[in-house]
Structure formats: structure tokens, C-alpha cells
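In the two complexes that follow, chain A is the common piece, with chain B as its partner first and chain C second.
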Partner chain A sequence: MARRAKTVHSFFWGIPAFLWQTLFFYVPLCFLLATSFVKRVPSTKISHFSLEHYAALLDPIYMVILARSLTLAAITVCSCLLIAYPVAYFLALRVQRFKTILFALLILPFWTNFLLLVYAWYFLLENNGLINTMLLKFGFISAPIHMMNTYGAVCCGMLYCYLPFMLLPLYSTFERFDERLLEASRDLGATGWQTFTRVMLPLTLPGIKTGALLVFIPAFGEFVIPSLLGGDKSMYIGSVITHYFLTVRNVSLGSAFTCFSALFLIFFLFILFMAHALLNREQKNA
Partner chain B sequence: MHKILQRLSNAALAVWVTGAYLFLYVPLLVLVVFSFNKITFPYHWVGFSWHWYQELFVTSEIWEAAQNSLIVGASSVVLSVTFGLLFVVWSSRNNKHYLMGAFYPNLVVPEIVIAVGLLSFYIFFNVPLGLPSLIVGHTLLGLGYAIPIIYTRYNALDQRIIEASLDLGATDRQTFFKIVLPLLRSALVAAALLIFILSLDDFLIAFFCAGSSAQTLSLYIFAMIRSGVSPVVNALATLMLVVSSLLVMVFCSVKVKEDIW
Partner chain C sequence: MKTIHLKDISKSFEGDVILDDFSLTVPAGKFFALLGPSGCGKTTVLRLIGGFETPDYGTIMLGDKNITKVPIYKRRISTVFQNYALFPHMNVFNNVAYSLQLKNLDKERIKERVLKVLRAVRLESHMYKSIKQLSGGQQQRVALARAITNEPDVLLLDEPLAALDLKLREQMLIELIDLQETLKTTFVYVTHDQTEALTVADQMAILNHDGKIEQIGTPQQIYEFPASSFVATFVGKMNLFKGTLQTAGESPCVDVPGLGLFQIYISARYQWMQEGAHVVMGMRPEKIWMEKKKEEKFSNVMAGTVEAIVYHGPATQYNVRLKNDQMVQVFEQNEEHFPKEKIDYDDHVYLHWQKENAFLLER
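On to the complex of A and B.
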């Protein structure tokens, strides 16, 4: 039987996916890396190896852009966690009836195009949008607050669009969470705060990590939301990449910047990972 | 004292959750309401009208873009689910689970890097940009999702059922089509829905790899938002919300959640 199974589930079954992956994922990434080292002389049409593009990236302006993208991604992760954690807890452990419906309602907005979600915020944030109209009507303010094209608007839009990436892993972690542990902790005399920090938080940490990673990585490369809600005031990593590839068509410099940012991201995540490992070891020693 | 604190924290939790739902739904509600507004300048309510929907239906560019999006979505769903299924069955049967790791980077590498990588690949080989070049990119994303989803379900299957089928004289082909496929149906539906939505939602890969000739829904919406607020976009958003709520209902009713998350 084993022999027969092998004959049909032969090598050819695995080939299409593997070929696709190699040809369109790994080869292009290698190309990206390779083009970042290539300098083309337009007059002679001869290409040669050069580190020139990486040297150009030493300009401090690129550091500012990287730091800006990093900050925005970090803010997005924190705000998503703040909103999503209690909601996931409530939905997974406190709700008995209508659980499916409430869950469906929670993920529904994100099955629509995210550009439409961003667009929706125009109606709330504009000078004569809903928030200002309401505030004016109830007399909290006398003149409309300027909200569009500010950093706050960008953060709000990022939070709105990236929320599900945090919600879903947290929800599934809480679904597997044994609620009796909370009761046990309280029965044994822990306060609510102690129960939270010593029982609930450590046990849901894997979900938090997954969610944070799922939000952080795409948020780091995001440029559409900042450009739509922040009014193109400041450049982000994504806008620089777009600029080089599509506007000025300097593919080599664009590739160099892309590789550089990707390396920066990997390096940053690596540092976080190391810090976490060190912290764990110290805790074990103590 | 303890009881009061308990009640207080419960109330705070309830307020927080209600706030979160409001945060999610107020913008959408406003979006939908203004699609029925009578005037173009959209920030205050004048009266009810179907005008923007009529305009939406006669704007041929939108329907062309929607058609393109559907073609891209459907093709990448078919390609990635088929390839993914074949790969999962093959690698599980031959104990090559570690090869699955080759597909995880699709989810971890930022989408913009994948898009730009593909673009530089296309530029180097002078591949004309258009719908096919876009389908390639979306299938990559799709494989990243399809393989883990199908893999989880396939390995949760009772392998003895498959052995029994083979022992009882079914051929491999029969076993695959009559036993394995029906058992994997919920995972396949979940993966297909998810990939379709991702493809419709995707902006970055379309932005870089579709070229100037092929317009997808995402690119069209982006261009429209850029050129200013128009209630036609609201009407389009309302329609898309209706469609996606139908899809969510399918998603939740096939009880496939546990296969994914």
C-alpha cells in the first residue's frame, strides 16, 4: 500500500507550488538584491558592480524616514493592542449568546476594501465633518478643529485598518484560555490586578506576540494611509520606494533602499527577540 | 469592597467594548448614509436620493475595474488553492513537512517588498505588465495562506480512513476525489474565500505590478479618492459592504473558523 501511495502522490504533485514559489518569490528577491549592486552607465550601456547606491543611503534623511515608519508602526501596534485586548477577552470568555454574530460583526468591516475604510474617515474628520459638526452643535467648541492631514488622523486610520490583525490572534488565544484559572487565582487571594499581570497576561502573551508581529510588519511598509489621511506631508518607507520605482524609475536605488529597509526590519525584530530571550533567562535565574 | 470593584471593572469592560464597536461602525454608517444624500458636497444631509447609484451603474470604468478584479481574484483563488492542495497532499504523504517552511515568507515579508521584487523581475525580463503579472503576485500571497490552512485540516484527518479506502480496493484517484476532497471541503472553502477577499483588498501588488493599462477596483478607488470626495464612491462602498457581509455570513456558517485561527 505504501508503495502504491507513493506512485500517485508522486513528485509531480508538489512541483507546481514549488516552482511558482521559486520562480516568482525567491528569484525576484534575489534580483532585487542583485540590482541594488548594479550601476548602469547610460552612455556605454555597460553595467558593473557598485556600492554607490548604498553609499547614497547614508544620507541622514533616510534614517529619519526609517525612524518615522518605525514610530508609526509602533504606535499602531500599541493602539491596536489597547483596543483589541479587552474586546477579544470579552467576546471569547464573557459572551454566551450571539457569539457568532458578534464575532462576524467584528470582522465584517475588514472584508471590504481598506481604501474605502480610509475614505470613511474623511466624513468624520473634515472641518465640516461629523465630529466637528457634533462638537459645534453641543457647544464644546466654537470653531472647527482641524483634524484632516494631521498625525492624529494618520494614527486613527492605521488603527482602524490594522485592528483585525491584532483581534483575530488574541481572540483565538482567549478561546483556548481556561477561565477557571482566573477563579482559582482569585480564590487563592490574588487581587484583580495580580490576577491580570501574573495569570492572564503571561498566558495570553503568545497571542499578543503574534498579533504584534502581524500588525507591525505591514504597518512598517505602509504609505497609502499616511498619504491619504496625512496629506503627503512627510515621506514614509513605502513612499520612498514608490518614488524611486514608479516616479523617477531609478530601479537600482529603489532596490537598494528596499533591501536596506528590509534588513533594518529584520535587525529590529532580531534585537527585540534577543532582548526577550535575555529577559526570560534572567527571570528563570531569579 | 471586592464586589464593588468587580462591578466597576465589569462596567468599564462593557463600556470599552461598546466603544470599540462604535469606533468600527460609526464611520461605515456615515459612509452609507451619505451615499443616499441628494447633493454632491457631501458633509451635510439634504434629502434622500438614488441618484449616485444610478450614476454608479452607468460609469463603465468602475464595472471594467470590477471585472478585472473578479478575473484576478478568481484566477488566483483557483491557482493557489489547487497548487496548495496538491503540495500539501504530496508533502504530507512523503513526510516532507519541512518543505512547508518555504512558503511562510510570503506572509512574513512585507507585501511592498514582494511587489517591488516582482516588478524588478518583470523589468529585467521585459515582461509586459497587466492582469497576468498581477495574478502571479496574488497567487503568491494566496499560497502563503492556502498551504497552512489546508495543511492544518489535512493533518487533523484520521489517516486510517484513507488507508481503509485504499485497502478496500479504491484506487488512489478514487480515494483522493471521494474521500480526501470531501473531508477537506470546509478548509478549501475557507481558504478560497480568504484569498479572494485578500485579492480584492490588495492595493500594493496591483499598484506596482498591474501597469498602467489594467485597472483594478483598488486602483480605481485610490484614483477617485485622490481626485476628491464623490458620493459615487460612497455608493460603491455600500454595494461592496453588502457583498462582503454576504461573504462573511457564508464564512461563519460553514464553521470553518477553527481551521484558520
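On to the complex of A and C.
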């Protein structure tokens, strides 16, 4: 009886969240899906079912755009991991004093407006920006280096904005990490590298996975940073969607592309998941 | 099986001197216990031998090889950690096989060796369990097995039984002794628990609060002939009486103010002591014979009243107040179900002992 009462009780408190989620996520999602299958004939103003928009997506240009977004997301994940991993290790296990302050300083970008962060990079990187001015002043270079509107600038911006998403899960993983395991490993004859690959890496893998996922999913749909720091040269998933919805106003094609890229993302993550599961099983058998 | 020599070792952490001019020899193939109060530096000694720390000064020799600068992973020394430090992402087998897998040995050979070690600690049926599925005692055994798979020259044990309950601890102590006798490896066992040290050790060293060695010897030597009042009170229970040395006729005596003269046996170590020297007389509580009436066959006797009785089961502890207000502890074996003479609170009693059962210490 008590158990049942508790279930009912928790269900009651779940209602607002459920309603919210339904109204503002599932219902629009259904609309989106429906719209992507609808063809509206302008002359007669009659709509009918059609696969035309999905057929249009077969154009290889869309694959190029997906691949481009995927590459940028992958680069962002890797660079964030490369920087956040050692930082999280030192912050959680090596630093004794000022730990909280240092951590707060690293998370600070998280609290600042996103656009502000990107524009800050703009002022750093432009031809008469801070970096070029300083380098010119001290005579390291004779003409300003072209940094804005390059792929490097985009990567810098991405790394900077997504770093906290990687740092937070890694930090909390290292906080719970028992350092004595490293000593035990060394004691049993493992070199530093062996200790890293056999003890530290496997034990921090959950943190890496969480961080990678948290960075990857939003980075995959990112288009503001590439367009502000990279110039409007190349299209990304996000820019294509805004283009169809807001500029061309071809809502159906936009919906089809949105659904398609979402499916692509799910499919990609599924493959990663399966590869991981297979690898695990192989390790267990060995 | 190798001797460990620590010579003139100094070690400090952030200006805090832990060990100063510390020297110690651990004999080869022996079960050696390092006993001392918390924070005396005994764990630091262990970590220096293991290579977790390097000494500021001094040398560490393993056999005739200087290992002071040898990095930790190249030392043939293994450690059993206080919290076991087992790898949580590996099962029992992989934990135990870890040191062998690092060397990329043949899989069949690894399996053979791991099985042998797991059999020695009676865990072969738990081989493929994860660490979390094991009880504390089993985890302790895995830690032990993991440390000996590699056949180290020395096994270091840092309070390995601290987390176990009493029954399990007693059982593990016996198993450790058996294991050491089979392996003939040099064991260095660090503990603050005197019972553990007395039980397992062939040889033991007592460290005081300043990280200085007070005495080295067999457990019997340490317990029966402590070299200082620190050792006397730290290992086991002890009654101490301050007094001056006197010679009454042939036999030496100690004059304890307010209590009188007591005959005493002087060991070879203290033969040099002069009459009138300020000394301490020590007596173990179990070596005192307590009766309600005075017995004549003992060389020494003192009178007092019983103030507290603590029943332990096999023995009962009595706290007796003497006429100079000093308290004395007495252990009496509970040899019979129905003792002939029951001693109660406030009873007037006589404490007897033979002079050989009291000993002399410097003050």
C-alpha cells in the first residue's frame, strides 16, 4: 500500500515536467516530422503527402555539410579533451590551495554570454586586434598575420566555448579518483605510461565519455561560431537549417533536413555505442 | 630473501622533520615488525623502502645493492596497502596478474602463476569475481596475492589488517605467518597494534614519538626485557615505581618513597648502575600474585585496597590503590568456575612478586 501511494505521489509531481516536455518538445517534433512530408502547391494552395524533400537531400552537398559539421565537432571534442584532461587532473588531485578559486576562474566562461565570448575572440584575432598589435609593437612580425575568418579561428572559438562542458565531468571524475591506485600500479612494476593506460585512463573513461557527449552534441549543430569567426564561407548543419527556415522560408525542406541530421546524429552515436560494446566484450573474453 | 639496510636516513616534509639520522637493519627472510605510536614516522620508513619517497639524506641498501635512487617500478619490493588499493575496474584474476601482464609474459604462464598464488590465499574459486563482490577479508587476501605474484625480494605491509574485525584479524595473522614461512621473503610489517606485532614478528623494532628506535629484538625480548620505560609502557601493560637504588646486604633493592624497600634483579645491561641512582622499577600486571592474606614464599610484598574490577573473560583486571595513593594493575587468571577466594571491591589485599619478575629501568 505504502509503495503504491508513493508511486502515485511521485507521478503527481512529475506532471508539470511531463506537460512541459509534451507541449514544447514532443508536439513540435511531430509537427516538424509531419511538415517534412508535406508538399504545398503555391498555385492551388493545396498540400499533399510527398517524399520530394527527402529526395532533394540526396544531393551530395548535404553529405558534405554533415561531414563538415561532424569534423568540426570531432576536432572540438578532441581539443577540449586534450586540454581539460590534464587540467582536471592537476586541479582535482595536485593543487592544494586556491582550488575553488582556480576552478571558478576556469568555469567563468560558462557564466558569460555566449556571443560576448565569441566577440572577445574577434577582438583578439582581427588584423588590428590585440595579438597582432602586440606582435607588431615588439617587432616579432612586420605585417599583421591573417587570423580572422580561418578554420583555426573557428577551432579556437569552439574549444574556448565548449571547454567547461568537458572540464566539469572530468573534474568530478578525478575528485573521486583514488590516487593510491597509481602508487599501487607503480609499486607492481608499471612505468608511468603503463599506469596511465591501464589504471588512470580506464577509471576516468566514464568522465571522458560524459564530457565528449556533452561537447559533441551541441558542437555538431553549432553555426554561430563558424559564421562569426570563420566568415560565411562554408555552410554547417545549423546554418543550412536557419537558411531554409528564415531566409528561403522553405519550411518543408528545412524540416526534412533537420530530421535527417538528427537521425544522422543518432545513427552516428549508435555506431559509437556498438563499437564500444563490442570492444568491451572482446576485452572480457581475453 | 634479502637484507635491508637503512643508513643515516633523514626525511622531512615541508620543513617538518619526520626522520632524522635513522638507521635500521631488517634481517633477510625474517618477519620484521615496525611498531610505534601514530605519527611516529613508521609509515615513512616503509614508503622509503618501497620507493614511494626518496630520502633527503642517507642510503638504502637491498642486499649489497644501493637502491636509494632506483625508481619505484624497478624495485623488487611490493606493498600491501592499508586500504588495499585494488584496481576496481579489474576482476580478481586481473588484479593478481597485473604485475605479470605488464611484462607481456606468456598467457599460460601467467594463468599458472596466478592460480598458484590464489590457491595459497584460498581464493581460487573467486577468480572471476569483481572486487566489489568480495568481503573485506577476501579483498585483503587479493591485495596480498597481488603483491606476491611477482615474487618480490621484500614484502611491505602497511597496517594491512586495520580495517578487519577482531576474529578475522586473528585468523589473517596466522595466515600471514604461514605465508611468510612458505615464501621465505623478507616481510616488513608496520603497525601501531602491539598484539599484531607481538604475534607475527620474528624481530621487531619499537619507534618512539620522535621517530627514534627505542629497542630492537624478538617479541619475547621486547616484552620481558624492555629497554626503556617507553617500550615498557607502549608494549603491554606495566606498573612503574620511581625510586632509588640501594644495596641491602647481598641483593640489590629499590627504595620506593612511601612504600619501602623491594628486592630487584638487575640485568647485565644495568650492572654499571651505582647505589643511589634514580631508577624505575617495572612489573607486568600478570606477574603479580594477589591474595587476601600475606604469603611468605615471595621476596616482595605490598598492601593495598581493590578499587576497580574489570572482568575480561580469561582474566580479570584489578586496580589496587597502595598506601602512597599509587594505582597498580593486577591480572588474575580465571582458572576456576568457583574461585575459593572471591576478591571484591574495597577488599584489603596483598600483592606478591618474585624479584626476578620485576626489572630495572633508567629514569
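Heads up, the rule we're going with is that the second predicted complex is superposed on the first by the 268 of 286 C-alpha atoms of A that agree within 3 Å, B and C clash if a C-alpha of one lies under 4 Å from a C-alpha of the other, contacts with A are read in each partner's own complex, and residues count from 1 in each chain.
Operating definition for what follows: a contact is a pair of C-beta atoms (placed from the backbone, for glycine too) under 8 Å apart; a residue touches a chain by one contact, two chains touch by 3 or more.
Remember, predicted model here, so these are calculated numbers, not experimental data.
Legend: residue contacts after superposition of the two complexes on their common chain; A:Val87 is shown touching chain B, with no touch to chain C. With both structures placed on the common chain, the touch criterion links A:Gly211 to neither chain B nor chain C.
Shared-chain residue A:Asp178: touches chain C; no touch with chain B. Once the two complexes are overlaid on the shared chain, A:Gly230 sits clear of chain B and of chain C alike. More residues of chain A lie in touch with B than with the remaining chain of the pair chain B and chain C. In the superposition on chain A, A:Leu115 makes contact with chain B only, while chain C stays out of contact range. Residue contacts after overlaying the shared chain place A:Val199 against chain C, while chain B stays out of touching range.
Listing the residues of chain A that touch chain B in their complex gives 1, 4-11, 13-14, 16-18, 20-21, 24-25, 27-29, 31-32, 35, 83, 86-87, 89-91, 94, 100, 103-109, 111-124, 126, 128-130, 133, 160, 163, 168-169, 171-172, 192, 217-218, 220-221, 223-224, 228, 237-238, 241-242, 245-246, 251, 254-255, 258, 262, 265.
Within the complex, the chain A residues that touch chain C are 178, 180-181, 183-191, 194, 198-199, 202-203.
Per the touch definition, chain B reaches chain A in the complex via residues 5-6, 9, 13-14, 16-17, 20-21, 23-28, 30-31, 34, 42-44, 79, 82-84, 86-87, 89-91, 93-94, 96, 99, 102-103, 105-106, 108-114, 116-121, 123-124, 136-137, 139-140, 143, 147, 163, 166-167, 172-173, 176, 197, 200-201, 203-204, 207-208, 217-218, 221-222, 225-226, 229, 233, 236-237, 240-241, 244-245, 247-249, 251-252, 257, 261. Interface residues of chain C facing chain A in the complex, by the touch rule stated above, are 50-52, 72-74, 77-79, 81, 83, 85-89, 98-99, 102-103, 146-147, 150.
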